[in-house]
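By written order: A, B, C, D and E. Residues from 1 in each chain.
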Amino acid sequence: MVSPILSIQNLSKKFGAVIANEDVSIDLYQDEIHGLIGPNGAGKSTLIKQISGEIKQDSGKIVLGENEISNQPVFQRAKMGLARSFQVSSIIPSITVLENVILAIQGNLGQTFKFWKPVSKNQELINAAHGYLDQVDLKLRMFILASELSHGERRKLEISMALALEPKVFLLDEPMAGLGAAGSKVMTKQLAKLKSRAPILLIEHDMDAIFALADRISVLVYGRIIATGTVDEIRSNANVKEAYLGSEDL
Amino acid sequence: MSILLNVEGLKAWYENTQVLYNVGLTVEEGQVISLMGRNGMGKSTTISSILGMMSRVEGKIEFAGTSITSIPSHNIARKGIGLVPEGRRVFPNLSVLENLTAASTSGPWGLQQVYNLFPKLEERSKQSASTLSGGEQQMLVIARALMTNPKLLILDEATEGLAPVIRQEIWEAIHKLKDEGISILIVDKTLKELLALSDNCFILERGETVWSGIPSNLTTNIADKYLGV
Amino acid sequence: MSISLFLEQVLNGLQFGVMLFLMSAGLTLVFGVMGLINLAHGSLYMIGAFAAAAIASWTGSFWLGLVASLMAAAIAGVIVEIVIIRRLYKRDHLDQVLATFALILLFSEAMRWIFGAFPLFLDVPEILSGTLSLPLGIEYSKYRMMIIVVGILIAVGLFSLISKTRLGVRIRAGESDREMIAALGVDISKLYTLVFALGAALAGLAGAMVGAIQSVEVGMGEPVLILAFVVIVIGGIGSIKGALVGAILVGLTDTLGRFLLPSFFKIFLNPSSATDIGSALSSMMIYILMAAVLIWKPSGLFGNNAK
Amino acid sequence: MIKENYFNIICIILLLSVPFLGLILDEPYYITLATKVVILAIAGAGLNLVLGYGGFVSFGHAAFFGIGGYVSGILASHALNYYPIIEWPFIIEGTTQMLIILPLAMLISGGFAFLIGMLCLRTSGVYFIMITLAFAQMVYYFAISWPAYGGEDGLSVYLRNNFPGLNTMDGFSFFSICFVLLIFVLFIISRIVNSNFGLALQSAKQNPERVAAVGIEPIKVQLIAFVISGAITGLAGALYTDLNRFVSPSVLSWHTSGEIMVFVILGGTARLFGPLVGAALFIILEQFLGGITENWQFWLGFILIIVVLFAKGGIIGMIAKERRNG
Amino acid sequence: ADDHKAKVGMITTLSGGGSGLGIDVRDGFLLALKGNNDIEVVIEDDQRKPDIAVQLADKMIQSEKVDILTGIIWSNLAMAVVPAAVNQGKIYLSPNAGPSALAGAGCHKNYFNVAWQNDNLHEAAGGYANSEGYKNSFIMAPNYPAGKDALTGYKRFYEGELAGEIYTKLGQKDYAAEIAQIRASGADSVFFFLPGGMGIGFMKQFAQSGIDLPVVGPAFSFDQGILQAVGAAAMGVKNTSQWSKDLDNDANVKFVADFQAEYGRLPSLYASQGYDTANLLASALKTTSVNDQDAFRKALKKADFASTRGSFSFDTNNHPIQDIYVREVIKEGDIFTNKIVATGLKDRSNAYVSECKM
């Protein structure tokens, strides 16, 4: 039996009276896109935040490869191979687009504590960054400040920074949001390619995309997983329809 | 029907970079208008310009017959424009209820009405807006804009990040608003619903209006050329 | 040490705390609510004290002096906000630091220009001079009693204004996103001028009230500024409740530290080095308190978001 | 509008011309002033690293400035009095060798920065401003009430410390030492801010969550910057003791922190030459206005306000708009 | 003729807190030199910062090439400037501040103090306390060297018990806690040294507290400039001073009249000290030249001038021997001022003479 790359075991999280996650377990295997859908406020982002370490679970375990990472700080988990994108674009506004990506690369390579060589003369880093920007179609915009990007362009930068981490696992929180129809199409293609590099835990409200991409889907409602299965299974699940999909003819 | 909002030859700059070159659009009373274009083409900038949030604009912007190019933001809003900005700009340090009261004016839309529209908000009325889920925040900003009882509601990517069920509800709500006589200007990426709803469309390309017309005239050809669909 | 002396010191600490609250109330308002770092808060405090002293000695009425302090500081506040501060909201915080630092120089020197280099006279009014007899044989100054009462009234008033009224909600909304609140039809500039004036008036009032039992002189605002910052940071920025609790905590720590530390060290040191170490430590006490609070709670006792 | 680099070169030339002018006109005070500007610029450069590039505003750099100053003062006074600093468990003698004193001042103030930084960096924003102030005030009150080295009266050392091959009591020689150190410090800082580390530092200021999410520990980056910054400011403090041949708790007071901060902001935050321009302008104004009116502080305040209102990003921001990293 | 010319550099506090003192010293000094064309004075503002004072001293010495320095108000600034200046061969005349370090082992032939040794006024207060029969004093000063000197000075002469001894924080303005301790201590008198605004605050609060104990302090908290700000709270308080406006000698009568005529306000202790300093200097220049330092020092040491405080001479450590009076705060018309009620110490020198090897 193949062992999962990322294994989330019985995670629970409460905010006061709000039960954000309850006993959530998901395994992520090689070459897989695992879709995570559910109504607004079901606890999807909370789950990602726990996996990446931004917030601490009340109980449960997170295992990456061989290692339990439940108690590691955020940066350690990132170093160990977790890349996440944020639901609300989280970029560094005062530096250029290119530098944003370089930052991610140097984080991945552990080259932060180099004090002498100017980044602008570091051709290796720059070339690598070009590659990642190309993949999201942002190369033309790489010399402007990240703060000057439009909303959709920020989303792209967000993804390209995740790519630059060359992670073991991608945690993507609504990467399509704000991309526009054209952007979503491109992104869909890209994610399909990406999964051969590392498995993806994908949160999306864009059903076209999720149904096109996901190998398996888990549905989270009120913090609990109410169903896990293939696209077809989920599509036809009556509970899911009622709680989430609605009458949208798919 | 009279023209509510009329934009002609709009140019706009961020600091020294010009991003709008020649934008034109009109919204007639009671209409739903969609503004389309790929990422970075100037949709949001157009909206910011209408609301007086850009530091430098040129051209004509008229609302209800008077020019609003050089009056401060809050006065524009008071004339009856309600904004749902992109990127969920909730007031993070305020509770849900406070977010709503901050915007409230007297009129048909009050707390009870928006709570009816989004029951989830009532449930979370004491919660700090920064801790709401993405979709909940989105509901909040729509509700907040409604609290200003606008004549023209501007929605910039208002359904981003909403679950399909909720999104349908929003479309239905927009229908209802339209029936109540509120005019609406929408930017959204879900073409299908948008077109079903709109009376008229404008497409932007690099800061210029390059196409306008009724939805049925929007051929796949044009959609492919300007929207990449 | 007798119980009644100890209780009196606790009362003193409480009163010092409330006095500190008076000094910091305006600052929390402007700082926490408007997000503005106003180093010139101390200058407004000084302006209030000078106005009170000048008017009180001219008219012979302390109460008219108080009114003058409110008005003078509020007017100064409005002018400063409209002419300078308003242009700096969008800028870096540091520009505000520089501008308000410059205002300190300007105001201090202006006061010296107008009133001369020597301290002015301001005394407590006749009806509040002297002491009250409290249980346990404690004699307590009437004027200080009044400070406690006024301080608590102001705390309640401000708290309701900011957290309960729509005005308060809008002001707080403006702090996190000015552009957005304006786009919702709120004239945030006018609101901010108002808040700044209110903060200034409170500073001026504090200056006058405290000036009557301390000294009215150029530069009186600077130590106050630091203390006020300490208070609101301990309490958590933007929280009126925090400012009150922080102020009382600082007041008690300082008073009891001054009083108890030297006697404490006398237990195991000879009297002169006990006095030395005790007084040295007691002058650091509030800073130690602040550091400890912040290390334990990085955004103060009642602050929710570290900004 | 001119390029920042050209402007920087002009600054250097102007700065260098002052002591020469002093020599020619036989106005040694000009040299003293120029030296003071240079030393304060070093202190400001240290602060700029955290305040400008790192984005965390320290209101406690007087502590490092003063600690550097006292290291110098204490070592020298022990050497002059032939009285060892420690006799047990081993003897440490004082010294008057700048080449020992300056690195030691940096080491010790850097060490303090490490301790203070570790505690303070848990907070951010205004809380950081205030907690750094708190630590500086503790040091200040300690220095005032600690009698061993003069308390509030301070510590006089009468002579400048020695530098091999130079007569440091000669104003121009001492200026030269300080000037070379300033250039050296600025060079180091320009390398640091343009390096990988610099990129991480600037990013951590804007968005620490994001930085952590790419596998970089923001606190560690900031702590290292804080230590470097403290050490540089400590160096300036040691030189300042030499300039005055005297050190007292007043260099530890919050006014010192405030002034260093004003230099940086006035010149332009996150600009390499910002602290130098700020310090120079401030001191020129102080001298010039002080010479014409007793109410010079009023006019100084007035001019500063004009500068803030009309020069976005300080003097350098006004002259050379475009800002690139470093 | 030209031989008798001299250039004086005055470094004093003219801006910010405490500038009133510097302004008075300067005004008194300049008043005495009115019409004297031999002495050129350069004045600079030290902002009460020791490092600025040091730099100004460098400027005076190197650029202005002055012969004589004077003007410093504060002990800590004096400690920063004086040793270096006198070691460079300049004469320093102190119009205020006499730290013990410069009176004892650190004395110097070029350093003349024309005011007092720091302990003097406190010593006189201690002496006065004995003569009034106080047996249980509560004493208080800020926690810094001058504050410690003050309490030491008081205790040197005071023979009774101490009901309490407190060092307060420098710059402290609120004294409720200390006043409560005084009330509880059973003291029969209070001695305090709290210069500037600290003293104003203490006196007002003490008056409000209803405690009815005699208070003694050095003149600093009760001098002309500050007294109006304390107001009625100071009435009747005894304070020690080597000078008073009502001292009846010709020099003083003229000084008080001239000062009022010139500046339109009553002179202060500091003004008298500035005035005396200038007169001392002028007296020495009458007979000698600064270029002959030995002779000049000798002339200074003779103190051959009419001091506003009556008898004045220098002890071997160049610090004054003078009477220290006890004054009482009174009201003259609308103005609070002092009148002499006793002599605290007669011909008092200082405790450090023997330590000075000169």
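Just so we're on the same page, contacts are C-beta pairs under 8 Å (C-beta built on N, C-alpha and C of every residue); 3 or more make two chains touch, one makes a residue touch a chain.
Fair warning: this is a prediction, and the values are worked out from it, not measured in the lab.
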Chain B and chain C share contacts with none
Separation of chain B from chain E in touching-chain steps, minimised, is 2
Max Cα-centre separation from chain C goes to chain A
Chain-centre distance (mean CA atoms) for chain A and chain B, in whole Å, is 28
Chain D and chain E have mean C-alpha positions lying a whole-number Å distance apart equal to 36
Chain centres from averaged Cα atoms put chain C and chain D apart, in whole Å, by 31
Whole-Å distance, C-alpha centre of chain A to that of chain C, is 48
Where chain C touches two or more other chains at once, the residues are 108-109, 112, 276, 279-280, 283
In chain E, the residues touching two or more other chains are 15-16, 143, 169-170
All chain pairs satisfying the touch rule are A-B, A-D, B-C, C-D, C-E, D-E
Per the touch rule above, chain C residues touching chain E in the complex are 2, 5, 8-9, 12-13, 15-16, 19, 108-109, 112, 116-121, 123-124, 129-131, 139, 141, 143-144, 212-220, 223, 255, 258-259, 262, 275-276, 279-280, 282-283
Interface with chain A, chain B side, in the complex: residues 14, 17, 38-41, 44, 86-88, 120, 127, 131-136, 138-139, 157, 160-168, 189-191, 227-229
Within the complex, chain D is touched by chain E residues 14-16, 44-45, 49-51, 54-55, 58-59, 62-63, 75-76, 79-80, 83-84, 87, 99, 101, 143-146, 148, 169-170
Within their complex, chain E touches chain C through residues 15-17, 19-20, 23, 143, 165-171, 173-174, 176-178, 180-181, 183-184, 196-198, 200-201, 204-205, 208-210, 225-226, 228-233
The answer for chain D against chain E in the complex is residues 26-30, 32-33, 36, 141, 144-145, 147, 150-154, 156, 158, 171, 240, 243-246, 248, 250-251, 255, 290, 294-297
